[in-house]
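Think of it as A, B and C in the order they're written, each chain with its own count starting at 1.
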Amino acid sequence: MSDTDLGPAAVENAAKRTRRLVEKSLKRRYRAERRFRAYGMLAVALGLVFVGFLFSSIISTGWTIFQQSYVQLDIRYDAEVVDPAGERDEQAISTADYSALIKAALRERFPDVEGRSERRSLYGLASDAGQFELRERVMADPDLIGSTQTLWLLADDRVDLLMKGKIDRDLPEDQRGLSDQELGWIDSLLANGRLDLRFNRAFFTNGDSREPEQAGVWGAVVGSFFTLLVTLLLSFPIGVAAAVYLEEFAPRNRVTDFIEVNINNLAAVPSIVFGLLGLAVFIQLFGLPRSAPVVGGLVLTLMTLPTIIIASRAALKGVPPSIREAALGMGASQVQTVAHHVLPLAMPGMLTGAIIGMARALGESAPLLMIGMVAFIVDIPGGLTDPSTVLPVQVYLWADSPERAFLERTSGAILVLLGFLLIMNATAVILRQKFERRW
Amino acid sequence: MVFVSSAEASIKTAPASRASGSAPPERTAAGQRTVGDITVKNPVIVCRDVNVYYGDKHAIRNVSLDIAHNEVIAMIGPSGCGKSTFLRCLNRLNDTIPTALVSGAISLEGQDIYDKRQDVVQLRARVGMVFQKPNPFPKSVYENVAYGPRIHGLAADRTELDEIVQTSLQRAGLWEEVKDRLEQPGTALSGGQQQRLCIARTIAVNPEVILMDEPCSALDPIATARIEDLIDELKQNYAICIVTHSMQQAARVSQRTAYFHLGDLIEVGSTDQIFTNPRHKLTEDYITGRFG
Amino acid sequence: MQTSTLVLLLLILSAAAYRAGRFRSLSLVGGLRGARNLHSLPGYYGLLTALWCAIPSLLILALWHAVDGRIVTQMVVAGMSSETQALPPGQLSLVLNDVRNLVAGAIPPEMASLEVQAAAERYIRLDSLSRLAAAVVCLSIALGVGGAVWLRISPNLRARNRVETIVRGALIACSTIAIFTTVGIVVSVLFEAIRFFQLVPVTEFLFGLQWSPQLAIRADQVGSSGAFGAVPLFTGTLLIAGIAMLVAVPVGLFSAIYLAEYAARRVRAVIKPVLEVLAGIPTVVYGFFAALVVGPMLRQSGEGIGLDVSSESALAAGLVMGIMIIPFVSSLADDMITAVPRSLRDGSYGLGATQSETIRRVVFPAALPGIVGGVLLAISRAIGETMIVVMAAGLGANLTANPLEAVTTVTTQIVTLLVGDQEFDSPKTLAAFALGLVLFLATLSLNIIALHVVRKYREQYE
């Protein structure tokens, strides 16, 4: 090794040289260090900007959804219109032309409006929904016939847009969507306090509608509820059972390895493929009804099962072996050990996993499009086989609508959806914190 | 009977060390004084009243010690007594642990290394370190050795780099074994080879001091013997600080030995003296195997 | 009898069976006192009886339900006039739809033809007959099997072991569902895809440059008229996924590095969950964002600098998809980076490397296999993502690499082909399954490779 032996002096020099060169390199390297750090900060900032932008654009277009324009009209329940025969016959009352009452009330308010087309645009200020409300009132209390009531009725969506400042008054008339004349009526109603923004009940209680002002999320919420109910009832027990078997009973062999690979892969298969499966198997092969929450639930079950299995297995892994040994040592069978000791301890973790799985299922729409849950459905579903849609699909449907007023509905529905997700995730977090144990 | 090192003297030999304020520096928190002469004639590193805390844990208490040029100093002591912690103070590797707090004065060639103006990059280039578990980077053998010279810009071109890699591997006694497999991953070598690779990696930047934290604990006796030979070679050029659990190893490779116990530096002295005639009871117990 | 009533009845029956089994076991040994002479706790005898009462009957019921709709329909068809029976499948199914609608009361009887009315009546009759038969069969199975087990109860019957065997069997059945799902996907998609490839040659589908499925349903076009070349879809998918990865990988990676290596613990504790919010947002929301916010915005800013940007540009969909994938990349990268052992970092710092040098030259290369695996998973996500592209990408199959133009993707086409009325024999519908097959195979292979890489990586550092 003598050829490599540099001797103290040489080493001394080498060390000095190192010192000098390092000194020289420092400036460049610290610049690179700062640059690198800046990239990181930039990336984080970008991420935060994206989050902020996403939420601000949704909230800014959607927050007005809680209010809706209503117009106050003096409705005279004209017996001539509602019940011309005067027999209080339910059939007759229910098929009467209630829109005529609204039209009459509007004519009364603006007596000097003449001509068919002008009148028609005057009638356009109130929403169609008014007539159904009037019918309901009369059906509930036939004594109203002949009397006069002052009511707040839904206004047209264009009026609503104007009220919420989403139509620019200064635009030329032909780009505005509201004529100068209509604007005049609206101003007159406003001046008399007969046009106002009130709490938007319709949005939270109605099903879908072609008219933006009448469209609501309740139908979709109920549809989502039924779908998730099926998903939860199927995926949680099955998922937990599968996890228990794989974690507690299964021998390590090819079959269980294969099952595991399958589960991991299924967790990463695009959701739309599950939709294809649902379409081909549940609808084509088994002949289950289209657009039904039960089919949606089945498809989402298959989709969320891997998530729940993986989370449940993690929860089971978290239970220390000493507990199993203790139970087995007392003479409990393996099934008893798991059922009495391991499962209860792992339950919070499993529930957390289930809630997270459900949250994902709630936001899922692609596979449901495949099985026809994308239909236009006005009625609130009443059961697992009624045609229905779900919240995210409702968002999709409304986002596709050309009317401007649907933009607000879309964002509003998104807010509702995000609200539910927030509640679910918060529950999961609280559950996790409350039951988190350290062994 | 017990020789007490002179604190005044030692502070004078440590020019950059901050004179401590209240507590007498040679007195450890446990009321223990370090036995033996902590000073040397030609110190490269001078430590005075070094304390290290990990959060609330007081891992090193008032340790003062000199490390000389061209000598091997062994640090021994029971597990958890703070040997690694002390070693990691000497190249400020404790800086990378968020909870760690170091106080006291450590100077390298008269410069306080914890001074604000002291650059850690510069410091670590001058004080190299070899770890307990061989930790070659997941790169080729060549790249492992070239890593330091590359980042520090020590080689102007590829030929120079090749030369540095070759001489470093030669001095680490690894060249003959790996000269045909420089492109293979460093992790594919045997444990002993990996450790020598790490040593080569360290000397490739031409440090002034090499810290070795139990460099042989993961190795078999033959690999250990090779490393020990290597240490013997290297000490002609470098100051080497070696932590070891093997008393024989300390006796074989080192000229001075320091015995640590629960964060205190109990005794320092020439290796011969420590192993044949320990002055402190704790040292004696440890050496004779009554402890740890 | 309604199915739900029947299920309820079966459950009540098994509850009764539980009590009966328990009671019998106890009475055999002379009450609670003698319970120690039983092999198992009395509850297990009850459980065993109840399980045997419920499981076979419920299984039979499920099976019945799976097939009875078809059988009834076939019997109804068999009872119809021969002209109707001779109708092509598409029209026959329309007639059957009328029958079903009539039965469900969705259309008033006056609107249906006499034959349909007659068929509907037969349908109702057969259906109620089938329900009745199901009830009789299931209840008698429940009583019969449950009773047989009840009779076999004896103190020596190893009831607990048997119950546990049943439980174990049920657990195994549940855990094989994953396999069945995979098999179901493969078989169903493959089956329909093969039917498609009988109409359109595979080579044409895989290499054809022209995609216009709408033409094919016109009467003057044959199915294999050359409109099913999927290359534009593949390139469109790759273009959008590529843009997404260009956004997601750098941003995700750098934010992971920053949060894992640089950020103070408190900063990390705040920022990480905020970024992870992006992962919890439903894709339809991103679709909305892409279609109604980013798309128009890009178009406008394009106009500002004189660029012609399509309002359904690949760029908008890709950008938003990238944003969606950021947290996916960053959390995976974070895992991989923190998995790199401390000793490697120490080794690098010990040589005097700065933090960024350590990250760039040691940590990142060491974590690279894991990160590559994560990126592969992210690509698989981007390829399979549906809602964003359905809402924000175009429908026209453009063969272009220009991100400012509108392109369409595999998933978009699957949705467009399958949403709305479908005839299951038209190549248009079947094409969706062929696309689904390609999508499944592509993502499956990406996933397998990625999971393998990641697992190998994890094993390397224990």
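Quick notes on this structure:
Please note the rule applied: a contact is a pair of C-beta atoms (placed from the backbone, for glycine too) under 8 Å apart; a residue touches a chain by one contact, two chains touch by 3 or more.
Treat the numbers as computed from the prediction; the structure is a model and nothing was measured.
Farthest from chain A in terms of Cα centroid separation is B.
Counting C-beta pairs in contact across A-B and across A-C shows that the higher total falls to A-C.
Here the CA centre of chain A is 61 Å from the CA centre of chain B.
Averaging C-alpha coordinates per chain places the centre of chain A 19 Å away from that of chain C.
Multi-chain contact residues of chain B, defined as those touching 2 or more other chains: 121-122, 125, 151-152, 205. Along chain C, residues 352, 354, 357 each make contact with two or more other chains. Among all residues of chain A, those that touch two or more other chains are 22, 29. Residues 1, 3-8, 11, 14-15, 17-19, 21-26, 29 of chain A are the ones that touch chain B when the two sit in their complex. Across the complex, chain C is touched by residues 22, 29-30, 32-33, 35-37, 39-44, 46-48, 50-51, 54, 57-58, 237-239, 241-246, 249-250, 258-259, 261-266, 268-274, 276-277, 279-281, 284-287, 302, 305-306, 309, 333-335, 359, 362-366, 369-370, 372, 374, 392-393, 395-396, 399-400, 407, 410-411, 414, 417-418, 421, 425 of chain A. Note for the complex: chain C touches chain B at residues 265, 341, 343-354, 357, 361-362, 365-366.
Against chain C, in their complex, chain B makes its touches with residues 91, 93, 96, 98, 120-125, 128-129, 131, 133, 135-139, 147-148, 151-152, 198, 201-202, 205.
By the touch criterion stated above, chain C contacts chain A in their complex at residues 66, 69-70, 73, 160, 163-164, 167-168, 170-172, 174-179, 181-182, 184-185, 188-189, 191-192, 250-255, 257-259, 261-263, 271, 274-275, 277-278, 280-289, 291-293, 323, 326-327, 330, 352, 354-357, 359-360, 377, 380-381, 383-387, 390-391, 411, 414-415, 418-419, 424, 432-433, 436, 439-440, 443-444, 447-448, 450-451.
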